[in-house]
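Naming follows writing order (A, B and C), and every chain is counted from residue 1.
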Amino acid sequence: MSEDSQQTGEETGEGTGQEESLFEAPPIGEQERMVEAILFASAEPVSVKELNSRMPHGSDAAEALVHLKKRYEGRGVNLVKVGDAWAMRTAPDLSFLMQKETVETRKLSRAAIETLAIIAYHQPITRAEIEEIRGVSVSRGTVDQLLEMEWIRFGRRKMTPGRPVTFVVTQDFLDHFGLESARDLPGLKELRSAGLLDNRPPPSAMPALGEGDEDAEEESAEGQSELFED
Amino acid sequence: MSEDSQQTGEETGEGTGQEESLFEAPPIGEQERMVEAILFASAEPVSVKELNSRMPHGSDAAEALVHLKKRYEGRGVNLVKVGDAWAMRTAPDLSFLMQKETVETRKLSRAAIETLAIIAYHQPITRAEIEEIRGVSVSRGTVDQLLEMEWIRFGRRKMTPGRPVTFVVTQDFLDHFGLESARDLPGLKELRSAGLLDNRPPPSAMPALGEGDEDAEEESAEGQSELFED
Amino acid sequence: MGAYMAEDEFEESAEVISVAERLDAEALIVDVDGFEGPLDVLLTLGRTQKVDLTKISILELAQQYLAFVERAKSLRIELAADYLVMAAWLAFLKSRLLLPPDPEEEGPSGEELAAHLAFQLERLQAMRDVAARLMARDRLGRDFFARGIPESVERVKKVTYTATLLDLMQAYSRLRTRDEFRPYVMDRDAVFTLEHALERLRGLIGFAGKWTDISSYIPEGWDKDPARIRSATASTFAASLELVKEGRVELRQSETFAPIELRRKEEP
């Protein structure tokens, strides 16, 4: 190794050197350490010329860089060339580590929970069928959100004209809601006996002016905003 | 390694189901790369806890650190422990290569240096105790300067009359002086075995130097042992 | 401890001190501001004894200190109160050390006081020594260095959505309840189109190997209120006729008003 540096020493050393003979260039392994330390600590990329000027006389930064680059290949930090200078940089595939996530938990929107409920109770179900039950169109955003959460996924296509895709709930969904299977969801009768269905309007009220209608209005407004979200 | 991850595709782990692999810890080699990247990116020491919180679920930063420390042994940059955190630092033997002129080292007064050493070796220590050791009152400016440099901070209050505040040294202090912990302070053992770190209360007729000398009496050796005990 | 000397020795050395000490004291006084208090002065004076701090003669030191203070006074140099307090105390200590112990007297003996002073001096010296060692260590930014281009950690806010089983069931029941009370609303919701019915039947006839009442093909949600039942029944019936025409199903009715039944037509 030291023979190599002896050879290459001439070309790099020529500009600066009056003390050439006094000091022998450090072994290339040492030079590699030096380049490593300088690049690590420098606030800016460092050129080969500057490296040579800071390293002991007779050093060959260019050669040390070749070794160092190899050493950092595939590591969490890589040696990269920036213009005609060199710097150490985090490996691009690890850039996600330079982010600190803060997680905020929010309630699912009403549109999303309704869509989810319909899928859970009727799976496999097409978008048209969901819309049919909800009485309003289902925005892409809502479905995408549920897909992204991995609470629903695509099921088999329906054997009907257009072969529409269906949606089914996932294992994650079952895990989240503590269900063995979607069949374990309580039926309408059970919901009613559990008092979950008694939000019915009083019999005397005019249905058209009742809460059902309000609902529909509210929902369509919601539906719209969903559409503009994405 | 990187070829492998290419093969196994989107998720971090090979192996079983898609949902499961999301929560499978990356291979230890990958974890080592991650710790490397995070520590390289930070000028400040990073605690194991923080490393774990930034790495994928199930990672074991402590183990990755063991591997990484080995990898950087004898390199131009080393992995060093600072309190309960870790940092990458250039090897001290290469200091001659570094550009010191860019680093502003603030001149510390003799009083400040002495006060710092007394705090480091006697922590947690009250102002009165520092004064008892130095035989002179401690100026506000001295303590303020050390606080401002973040080399000392307030510790717990002493359970003595007046519940005086105590001072302890910080992680920055350890980092600056290349100490893994306060136990590694130079000469600590000798001082202790010579009884020079004992809290020997002055006989009652001794002159009081500085203010609150009264509560110096109560100080048991218990205070010291907290930080230095292994 | 060797903190003080025998009396006869002292008498002798006191003479010596007064000569050598005058010069030292003057040198001290010149930069009295440079001292970090009386203990610092005592340490400096102690060094003139040229012995290990553990073997220092406290009596001699007291003598030296008192000479220093006397000298300062004669030079009309104002000493801080701390220095004078120490002088008074050392004078007291000196008398304690020189006079035979008075059994009447309370408090610590002269030897105890001297021992503590020796301890204080030794401790202060030790602290100075380790302070110097500390400052001589390899130091961050001087001997070793941190990353020159640190990368900042970007804060990312991630939102996760959640819902409870109760939310889910309430949402579903809200939807179903609304359907139950849809009958009076004359809107297109009460119309089950022929297209819908055809779509539905086509999807289901694969399973209709046996004769099945076509009313069982009416979708859920259309079997509660009369208007919807009517619409769904009509369109399902029409759709089944369409499928008969296509040759895909067979229909039968045993008598008037009996259920109309449908069956998949077997492949020839």
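Keep in mind that, in the parts below, a residue touches a chain if its C-beta (ideal position, glycine included) is under 8 Å from a C-beta of that chain, and two chains touch if they have at least 3 such contacts.
What you see is a predicted model; the values in this text were computed from it and never measured.
Peer 1: Using each chain's Cα centroid, which is most distant from the centroid of chain A?
Peer 2: Chain centre farthest from chain A's centre: B.
Peer 1: Closest chain to the protein's overall Cα mean, using per-chain Cα means, please.
Peer 2: C
Peer 1: Find the geometric centre of each of chain B and chain C from their Cα atoms only, then give the gap between the two centres in Å, rounded to an integer.
Peer 2: The answer is 14 Å.
Peer 1: Take the average of all CA coordinates in chain A, do the same for chain C, and state the distance between these two points in whole angstrom.
Peer 2: Each chain's C-alpha centroid was found; their separation is 26 Å.
Peer 1: With centres defined as the mean C-alpha position, give me the chain A-chain B separation in Å.
Peer 2: The answer is 34 Å.
Peer 1: Enumerate the residues of chain B that touch no fewer than two other chains.
Peer 2: Residues 40-41, 54, 88, 90-91, 98 of chain B each touch two or more of the other chains.
Peer 1: Give the residues of chain C that touch two or more other chains, as numbers and ranges in rising order.
Peer 2: Residues 145-147, 151, 153.
Peer 1: Can you list the residues on chain A that touch chain B in the complex?
Peer 2: 32-38, 40-43, 54-55, 74-77, 88, 90-91, 93-94, 97-98, 100, 150, 171-172
Peer 1: Within the complex, which stretch of chain C touches chain B?
Peer 2: Per the stated touch rule, the residues are 36-40, 42, 82, 85-86, 88-89, 92, 107-108, 112-113, 116-117, 119-120, 122-124, 126-131, 133-135, 137-147, 150-151, 153.
Peer 1: Of all residues in chain A, which touch chain C in the complex?
Peer 2: 37, 40-44, 87-88, 90, 98-108, 110, 112-114, 116-118, 120-122, 132-135, 145, 149, 158-161, 176-179, 185-186, 188, 191-192, 196-197, 199-201, 206-208, 210, 212-213, 215
Peer 1: With touch defined as at the start, can you tell me which chain C residues reach chain A in the complex?
Peer 2: 145-149, 151-165, 167-185, 189, 198-200, 202-203, 206, 220-221
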